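Two complexes, one shared chain (subunit A), two partners (subunit B, subunit C).
Coming up: the complex of A and B.
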């Protein structure tokens, strides 16, 4: 008997989904999207545009020079010195300050009594405006009448030049971050640690893991994503640092702390070269964007 | 008019935003400020109220100008500034003046210009005036000046720093002269009876005063980021200048000239050989002043009007001494002439320019000068003995100022020199070698100056000279 093949089953049409705009989320998102476009992206595009001109602030945009501004600054040793200083200060900041809130959060997560009080205490330094903090440190660094040389003198050390010492300036700029780098970072890390299920800690303890092993194998892997996000934010903050350096040294002494952000300010407001300033700004934007992408890629591969 | 205003606000907002985000940007659209398009309009003819014939306040349109001359809330001269501003308002009812903070920095000024918010009237210093004329951000007011009956009231040469290619860009506002302030009391304690007249004597005096007055500093040197300001005096004393303006308008650097190297070597010697300067050589100008008026330092370089600051901070006028600069190897010690101008925005319409000029000339009138001087005298603020106008005699207002102080200031001003050309742009390049030799005992002045000159030539002068030559079609 010949079996007749049954006709192929007709694929059922996929349920028709009607494209619907949900207006409520759109309304909630709209303000931030507008703010981002106006205050971020438009400015970036404007910077690119300005960087292509010998910008004339009276009759903008001035003469079109193409990529000349980029070629010019890339050929100046002041720029390379500023870039080198920027990265040295960034690396010093990583070494001296980036890990501090992580350690604070780990300690905080172990504290049972008056935990809230400690969390508030960690937040207080972040309330102090950067300018006020920098002025305070500048006073403490004064080689003649500053607090540090006075205290160190009591134990027979110093006097040190601090910000007056070409070899010590960068360290002196970064040092305040070591003491006041808590702030919101501590809370983010703390929240991430607290979100790790308590059972994991208990089983780790039963398995005989000591505190260091628990931190290395349990805490740090589980808060890795927060560390990554914080590092990206930290990196852009350190590479674009301006206000504290401007107040403490203005790039001195002898350009020992001249960073790219100060060079941007100097080009625009001391040399009236807004085109060059915009070119430097966009260059730094590209550097930070590139480093961020690399960071994400590495993280992805690791995962 | 609407288009102009909208564009202005747009650019202002953008600049503010871009600064806030660290990416220096501004709107690339046209500025909409087209003086040519508006030049057809006739000036409003802002005659003073007393001279108007028929109800000017009702018939003439109100012209609004913005002036950056609002005194700080704690300024000692706030009352007299406001009194004069009120008098102007009464005399010129059809000019509305919006006064904005006078203490805004040059950086803020450039941000305002880039954002299309340049004030109609502002007051740049001598070096800034040169820079702004070059950048095209000050109006050519030659016609207004030449038509003014007040032109000849100003002292000879007063317009020089605001004149380029025969065009006048500013009205002189103030002038000062510089020299060395010393603390008579500290000198007396040290047994010093004659003032130093040469570099060697200056160093020896500083050393003696410092030794005989424990805890004091012989001489507060200026090594911060304005360090080139005082350093240039030493270059002059050694017979040179940091830059040289060429006949074709281009600029030549003299950082490695013998005079500059000698001057820097002297700075190095003051710090490391004679050891007569403060440890914190980078401290601010204000901190240097504080050292002097608090009796911590024996000598400091300063302008003739710094007397007001010292007395205002409680220093006893009888201990304030002033002397001309000790001469250097070239046998000269010229005093620096500094000061400021009134300037008008090139974007201002003809009506606004006229109104701005009327305001400036009102504030430059004999009466306005004398009102300010009288106020200073009455309030013990001290008087700058220099004035930019011929018809005001400051000697009538200097009662209470030590006579020897006044004669010393006048003597110091007998030989004068203007600051080095392109100072605003070159300052960071000059400061670097100064700081190097003040902080590093092993730094060689010539090596440091060579490096600075090469850098400044490549990063500033080459471009400047190219622009100058292309503008003049050479």
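Coming up: the complex of A and C.
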């Protein structure tokens, strides 16, 4: 076959199309690109800008103060207390809630009968709106007339102050998450476990490795990536939790549950200090970005 | 089958543990919800007492016959005042007794003059403005009559004299609550008429008065639609966001996945979208607030809707799915002369129902439940979404209404219903969709 006989192909207008803009993908992508620019990129740059000003909402942008907002909040004890509380609440949520859907999914994958029913049932607790859940728990925690002190009293414990007790309030904020975990996370882990090749399980069985060993050295390593992805979104969710804390305690008692996200809301909408609030929020963005990068690094090193 | 399976060491123990753990977690998860549903139909005394009851008690119905034979006669307003006194004063004093409704039949010379009724939905909403104190006299009730009429806090049917023969008076009941009712008027002599009988029964319908109360409260706040307003607001916000995500994020991700040939550009655009996942909502709260304010959109539903249009995670889900579409099929459609939009609508969409469902569900839940941003950006109740309205209800006094736990439960139950329907109806597609997304690992 003579390859030289193909000049007609070369003559096709290929070189022209390379530099011609194809409008269809542009049109398809344009709406998304515009909203992302306006509601993400513009806003995060704007956050940095506002944080450099003593922002005046009536006559924006107000007086330029450079990094002063950052220095000011870094020197207040309230900020460090809020940051400490934020991380304690985060660690408590890891200890109380993060592992729950993993365990649920692992044991769910061992159940063969009516598995779908359990999966539906696992969704139900997590769909209760955070606000409704927090309101419900708020009066279950009531020291005088709440359900918890009554039930614990029956077995001779308590009464506890729950949300009103400085030492207990963080725990009481996190505890509802334990009951309401499950949800779509269970489905994600379950799908990940089910996608592990069956041959691996079969050979593990033939090798006589027991079920606990199998979960530890076969299932967990294989769903590690899902765990990482879930942990990253869990982390930013827990570090910036607002709704439940706002409804349960509003930061009290005696700032024992004051977290940075409450501080951000407070300084902007109660003290009208928008510059400070933006500085705090950009600081939190940096913290979370840093933690995410560290995790990806750790993940890479392990591989 | 069984003989082919290789049995495992410790298999039985594992199966037992699996069932035990699963059932335990399901119990933990459902208990708060069961408590929510139970308390929504319980009276507050049972909820808040030091020894809570777990079974809702059917509320009491008190039926009173008030006879005006021989008393001074008056006009309709006079009888109305009498009826309201017979309802509101004793109820305020018997507030701990789980009364569901009080019905007053007024008679004179064997003719029925009027029939008045108040349900607990009406009573608890009006309690703070009608009977805030324990002062019992004619003057107080005269002042309150316009409020009762305006806020529809009681029903009053006027028959007029000599138009309707009275029914035979039911025998007085000796139930404890009926006795307490009679005792109240022994010590407080305000009625011109004479109580000839006090009947007692129970009405199961009154269990659900907490739901009706929600409507009564909201009517005064959020306009004519009342509580439905919040529902409609939440629904409109959620619906608009879902439509945007399905249409624009869907078609954008399709272009990103299949139509952009330059791999460098594709990578750049993908990063452009995905990097925004790292930006937490709280971090851009202030500029977002200022932007919405500058667009003159604050305190409107658009203020809640617009920021949800930019969701990197949805693009990630869509792209993960569209990357796996068979290229040959799309190529075939193009060769047949279908335009890109047509290819997308006729070929891609029907193949991608699972991913569209999962995007719809994953959009629905956070938008429906979102609290912080709507709370900050909306001020007037007619723009509140459901969670904002719920938060408002826990404030102890709310337009002269003491808000009670069972109201909060009732609104919680209502907020749950759309999500419950959504999850049960889409579970199948969601599970299918999850298997296709990139997150699976």
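In this text, the second predicted complex is superposed on the first by the 267 of 303 C-alpha atoms of A that agree within 3 Å, B and C clash if a C-alpha of one lies under 4 Å from a C-alpha of the other, contacts with A are read in each partner's own complex, and residues count from 1 in each chain.
Following the convention adopted for this analysis, contacts are C-beta pairs under 8 Å (C-beta built on N, C-alpha and C of every residue); 3 or more make two chains touch, one makes a residue touch a chain.
On a predicted model such as this, the values are computed, not experimentally measured, just so you know.
S.K.: Assess the superposed three-chain arrangement around subunit A: do subunit B and subunit C clash, or do they fit?
M.R.: Overlaying the two complexes on subunit A (C-alpha atoms) leaves subunit C and subunit B clashing.
S.K.: Taking the superposition as given, does A:50 touch the first partner, subunit B, the second, subunit C, both, or neither?
M.R.: Both: A:50 reaches subunit B and subunit C.
S.K.: A:40 contacts which: subunit B (first), subunit C (second), both, neither?
M.R.: both
S.K.: Counting only touches as set out at the top, which of subunit B and subunit C does A:132 meet: first, second, both, neither?
M.R.: It touches subunit C, and subunit B stays clear.
S.K.: Quick one: is A:99 in contact with subunit B, with subunit C, with both, or with neither? Answer first, second, both or neither.
M.R.: A:99 contacts neither subunit B nor subunit C.
S.K.: Just subunit B (first), just subunit C (second), both, or neither: which does A:111 touch?
M.R.: In the superposition, A:111 touches subunit C alone.
S.K.: According to the stated criteria, A:166 is in contact with first (subunit B), second (subunit C), both, or neither; which is it?
M.R.: After superposition on chain A, A:166 lies in contact with subunit B alone.
S.K.: Per the overlay, which chain contacts more subunit A residues, subunit B or subunit C?
M.R.: C
S.K.: Name the contact category of A:242: first (subunit B only), second (subunit C only), both, or neither.
M.R.: After superposition on chain A, A:242 lies in contact with both partners, subunit B and subunit C.
S.K.: Which subunit A residues lie in the overlap of the subunit B contact set and the subunit C contact set?
M.R.: 38-40, 42-44, 46-47, 50, 57, 60, 142, 144, 240, 242, 261, 264-265, 268-269, 274, 277-278, 281-282, 285
S.K.: Could you please specify the touching residues of subunit A with respect to subunit B in the complex?
M.R.: Residues 38-40, 42-44, 46-47, 49-50, 53, 55-61, 72, 75-78, 142-144, 159, 161, 163-166, 240, 242, 249-255, 261, 264-266, 268-272, 274, 277-278, 281-282, 285.
S.K.: Mind pulling up the subunit C residues that touch subunit A in the complex?
M.R.: Interface residues on the subunit C side: 6-11, 13-15, 17-19, 21-22, 25-26, 28-33, 35-36, 47-52, 248-249, 251-256, 259-260, 269, 272-273, 276, 278-291, 293, 306-307, 309-310, 312, 315, 339-341, 361-362, 365, 368-369, 371-372, 376, 386-387, 390-391, 393-394, 405, 408-409, 411-412, 415-416, 419-420, 423-424, 427, 430-431, 434-435, 439-441.
S.K.: Name, in rising order, each residue of subunit B that touches subunit A in their complex.
M.R.: These residues of subunit B touch subunit A: 11, 14, 17-18, 21-31, 33, 106-107, 110-111, 113-114, 131, 135-137, 223-225, 278-283, 346-347, 424-425, 427-428, 431-433, 435-436, 438-440, 455, 458-460, 463.
S.K.: Using the touch definition from the top, list the residues of subunit A that touch subunit C in their complex.
M.R.: Interface residues on subunit A, with respect to subunit C: 22, 24-25, 28-29, 31-33, 35-36, 38-44, 46-47, 50, 57, 60, 100, 103-104, 107-108, 110-111, 116, 118-133, 135-140, 142, 144-145, 147, 150, 176, 178-182, 184, 187-188, 191-192, 195, 202, 205-206, 208-212, 214, 222-226, 229, 236, 239-240, 242-243, 246-247, 261, 264-265, 268-269, 274, 277-278, 281-282, 284-285, 288-289, 292.
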